[in-house]
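For reference, the structure discussed in these notes is given below.
In order of appearance the chains are A, B, C and D, and numbering begins at 1 in each one.
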């Protein structure tokens, strides 16, 4: 339990840091000095002090949406193990709750975007919805596949159940982590699905949705998006615990290492790839799904 | 259960009284008062019987009805509860709905009578124990629904839609005839309580299953028999469409569950079949819904989707029964039962909401709506609750039932190894996909109808007290079942134990940690409250104001520039163009300077247009080509006599 | 002798009286009185409070009792509404048609009763021809071309048909050669008693001829054409009378020979022929329902369909037979209702074309709703009687040795239903475009009263299912050697 | 004797087949009526009884006097053209008649093996029925239809005597009356048709269609 609380605190604290780290590395790769790693913290601090400006046509939706968004993301975060410690929220079937709580967040974010009534937000919302529809299956093919094979339905137990005793399993894990990576890229709207720091509204997805938010609202959005990114990072890392002895300290070490590696990969990917055409993104996601199915088949029929 | 029959008597009363009340207004008041009273009474009695009594059956002998005609076992009581529970708010809404027409001097008395008959017959239908009685009330239900449907009979679409419903119902009844004949022939009894056929019966078993699944599936609206739903639901008066979507299509589910009681254990392939069909219904139901602009039609397609989800549960249950595994059956059927209740609740909520909107705006086309949130904030909140619930998003009731079904998948995968994990995973993915599409669809309608600014100038948007009450009740139920599912799960479990799975099962339903879930939901709720107030505090500190939205430098933005429903759903519809028969026709302006241009997109139902309509057209034209029979000369008539005589003579000659 | 005079002589007498009375109201009241006592007596006989012994060639058994009741019931209602029907202004040259109306009705009652009660084939034949003769002028009531043509065709075709039936009867006598029956009278009862001795070849021949011959009157396809023409062009009460009672009177003849055939080796053959006939009628009704654009013709085809169902039921035997017996009752009631309402519509819109009729529910609320309800009734919707009888017939089919018949029947019935529904609903709902309709509110008339009563009867018989009726029908099936 | 009459009957049928005049039909009908009367009287030649003469008398009155008269009257009233309007060549028609007659005779001969029937009257009666039907089918004039119907009736009557059915007199008379009334009604109808539809043949009757 203590460890669980620790891990949720870690998530809450380190989430912006991770984003900052990725940006920093990216800057370095592209030959810039870049903003300091803890830049996100400054941003959040700044946002807190800003005056809130809502669009004229906005309603109570834009008022509650950031809050719900934030809370649900935090709840989702609270279901993830760090260093293989039992998280705060962990029960039979929390994997489903995890997916659906993020769904709740998305639901309200989309509504909030449409609440403005400007077609920029509309565009972003539409895209977000479309991609979310295809991102959902990926999640189930990565975590869900393990769940279905181990018959365990709690994220913690699922990760716990991973054994490295046969080779197919290792392949399986690797593929899983790949598609999890794609999932992360999609859900957190990074390259090559979305360009987080573009300045053209027509090409944005996530950024354009929060275009008309400011102050505390924007703070909550930004913060929850940082946390979301970090959540997916954790999903990724958790696959690799089995490589270490199943002890908390080692787990933490692995965690740090993998996070670092992951941030580097993200940065590299973002540097070397450019954003896809909007039309092609579903294919890209389906590709992830496809490899999910593939490795599942491998696993099922090579016993 | 005498109380129940007393309640029914109260409900049926209006049909007699209404004859003596010349004034529409009085008639409507009396009718609705009696209906609601009777329903509450009936609900209390059946709820009491379901929850607090521990006998599995309640036979009755009242008004000299021999007690074999009706039987109140747990399943019947469960459906009774659903019907009465949902019918109460619908009837409350019905008052203000018909008030609108009464004020415009339209006579609603006959329609009220049909509504009453519909309610009563539906309640009697699920409590019938004798096949013929069942069939009779089935027909009375369908016909009264039909007669209510033709409330605005001058409209072409009403004629078509209601006729679809009418014919569909006739086919269903034909199939049910044969189904019950087979059962009767097999068991030498007409009583549900005596029906039981085991797979050893061979051909009969399969045939009767096929008949029942087709018939009840048609009523429930599984694909590909769904085509009547999107035609019939939109055109009915909202009261009826709410009742249709909420309850009448559930009688199909009731029938299927009964069939399972009669004919078990099911073969495995049947479970597969049901699972597959339901999955298709769920996915394409919601996908079709995404392509609609007519709010009621959209909701009708969502009924197809939700029926699909219920069917998935039933399919899991069938598989479970094929393997004699209790937990699988419990989770499968449990999920189905609970989702039946939930869907009844939030679907009627949504339909009533849509009715309120279309009555106020005088259109069902969502492209013409928008910005309603500024006119009816609380109404929008209530509608939003319904939308979240139907999308299966926590912390509302839709999630609970879907959660059970997911657990069903997991347990199936766990219990029956080999290829099951793969299949179950795929089904889970399918369900998740459906969830995603549902989110897309309901964000679409909510944002287009309510948010942004008004696309078309709204004359008046006022919601009467009764509408608020009925919506409130339903929304409240959504929230309660969502946040505190435990007692409802208990009820479902009890229903399952009486008649589905052996009583001795240590239920897999109860072993799910419901308390924990409600706890988390509570946390979410409190967290939201807390953060919200914190945010308010911050805003008070640093100020808050509104200004024009970011127009990318463009100043005079007008409502017509908002994102539309079709453009919102376009990318998703493009993907499955072929199935949705989704086509757009775009007329861009050819000139250099902006000029007249138009765009419109719509989707047709594949089954309906390609198969049903065309099929019938071709068939009838083919038949009408038979000209040689339609002649006027009497000499032909006489030569016919000779011909037929010779034919019969030949038969006689060749007879041995 | 008393019942003989009441059932047979008095109608004849009143027919004569009607010839001399020039006053309508008087004619009407007399005929009504006659029909009332006729109904009363036949009811009493049916219930069994009065044991009959009829002279000459007449006698009663459970079958004839049932048919008699149906006849006098239908007849009573028809006479009841006739007056209000005749009051309606019609084309001037049809005034003379009114003169003989009641005369012919009474004569019809006389002939039909004689036909039903006759125990002798010759007698039956004469009486049946008598019914044709009495109905033919009634068909010509409107005195217009269509009516004339219909009358001619009906008269001619049915006369030919019935001539064939006569040949059949002669064959029957022929089949009795070399049996105790030789040189005896053609009493059904005798024939039924020692049917086993009859010569099968001639028996087959006689069955075919009688069936085909009477089919022209029953309206079994493909001999149905003249029947349809007549029913669709005669005034509604007559149409109701024809499809309500006249057809089943003809059916009685077929059933008689069927009863004779039943114990013999020809039985299976006869059943096959009946089934073929029934299916053919269903098929024809099915085909014509697709193209018919005249609602009275449509109703006529619907009665072809239902007679077909009845024939099928009889042919299949077993439970289907019982169902068929019930179906006879319900169908007759239901047809009367349909034709009455159709008559009101025709009177209002002055056309029989479907396209000329629209939004009946608004313009004629009473008739409109009654038409809708009676359509529901005819398409086997509970709690109306037809539902139950069709239920029995279907079950009989399903568990007979040819269950495929059920599939065929259901298919045909479904499309008949669809097309009928399409047509009728179009009439009922479609927005009214021709303004020249007089828009005065429809008043509740005697016809509506009769219609409602009959509908209630239709439900009441089905739901209450009086024991006497059931016993009677069970006896009939016993006579037909059907074990239940 | 009976056979002789039957043969004569058949001859009249042949005449019917070849003739092309309306009047001829009437005379044929009358001739057949006489034949039938004789046929009825014949059995009673040696033992005379009043009772036995009622039926032949009625027959004679109806079939020899009333009906032909009536038809003649109609013909005069409506001045129907003399010629019948065949819809097929007389030759073909006659072939048809002959062919069917042969078939009938052979068939009845075979049948007479199983049960004792006088073949000749039986067959000739039957062929009368056939010819009557053919006349109706292959002629256009309504009046000829009526004649054909009557021929058919005669055939049935002959046939009835052949199978020696013991129909009670009352019923025989009833049948006769029926036939008469039918013809009567047909006459009226034809009057109406000629007045309202202005035509004496079936082509005038083409309204009822669907």
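Here is the rule we go by: a residue touches a chain if its C-beta (ideal position, glycine included) is under 8 Å from a C-beta of that chain, and two chains touch if they have at least 3 such contacts.
All values reported here derive from a predicted model rather than from experimental measurement.
K.L.:
What's the chain with its C-alpha centre farthest out from chain B?
P.N.:
Following the centroid criterion, the farthest chain would be D.
K.L.:
As a test of whether you follow the contact definition, which chain pair has the most C-beta contact pairs?
P.N.:
A-B
K.L.:
Which one of the chains is closest to the middle, using the mean of its C-alpha atoms?
P.N.:
Smallest offset from the overall C-alpha mean is found for B.
K.L.:
Report, in whole Å, the distance between the mean C-alpha point of chain B and the mean C-alpha point of chain D.
P.N.:
Taking the mean C-alpha position of each chain, the two centres sit 71 Å apart.
K.L.:
CA centre of chain A versus CA centre of chain B: separation in Å?
P.N.:
Roughly 36 Å, centre to centre.
K.L.:
Using CA atom averages as chain centres, what separation in Å is found between chain A and chain C?
P.N.:
Computed value for the inter-centroid distance: 79 Å.
K.L.:
What whole-number Å value describes the gap between the mean CA coordinates of chain A and chain D?
P.N.:
Once rounded, the distance between the two centres reads 101 Å.
K.L.:
Of all the residues in chain C, which ones touch at least 2 other chains?
P.N.:
152-153, 156, 160, 288, 291
K.L.:
What are the residue numbers in chain B that touch two or more other chains?
P.N.:
630, 634, 638 - these are the residues of chain B that touch more than one other chain.
K.L.:
Which positions in chain A are in touch with at least two other chains?
P.N.:
Where chain A is concerned, no single residue meets two or more other chains.
K.L.:
Between which chains does touch occur?
P.N.:
After working through each pair, the chains in contact turn out to be A-B, B-C, B-D, C-D.
K.L.:
Would you mind writing out the residues of chain B in touch with chain C in their complex?
P.N.:
110, 132, 135-136, 139-140, 143, 150, 153-154, 158-159, 162-163, 166-167, 170-171, 174, 177-178, 181-182, 184-185, 616, 620, 623-624, 626, 629-630, 634, 636-638, 640-641, 643-645, 648-649, 651-652, 655
K.L.:
Which residues of chain A touch chain B once you look at their complex with the stated criterion?
P.N.:
The contact residues of chain A facing chain B are 48-61, 63-64, 66-68, 70-72, 74-75, 89, 91-93, 96-97, 99-101, 103-104, 106-107, 110-111, 114-123, 125-127, 129-130, 132-137, 139-141, 144-145, 147-149, 151, 153, 201, 211-212, 215-217, 220, 278, 282, 289, 293, 296-297, 300.
K.L.:
Show which residues of chain C lie in contact with chain D when the two form their complex.
P.N.:
Going through chain C, the ones touching chain D are 57, 120, 122-123, 125-126, 129-130, 133, 136-137, 140, 144-146, 148-153, 155-156, 159-160, 163, 166-167, 169-171, 173-175, 177-178, 183-186, 199, 201-202, 229, 232-233, 288, 291-294, 297.
K.L.:
Given the complex with chain C, which residues does chain D contribute to the contact?
P.N.:
Residue positions touching the partner: 111, 114-117, 129, 133, 136, 142, 145, 149, 152-153, 156, 159-160, 163-168, 171, 174-175, 178, 181-182, 185-186, 189, 192-193, 196-197, 205, 207-208, 210.
K.L.:
Quick check on the complex: what are the chain D residues that touch chain B?
P.N.:
So the residues of chain D touching chain B come out as 133, 136-138, 145, 202-203, 205-210.
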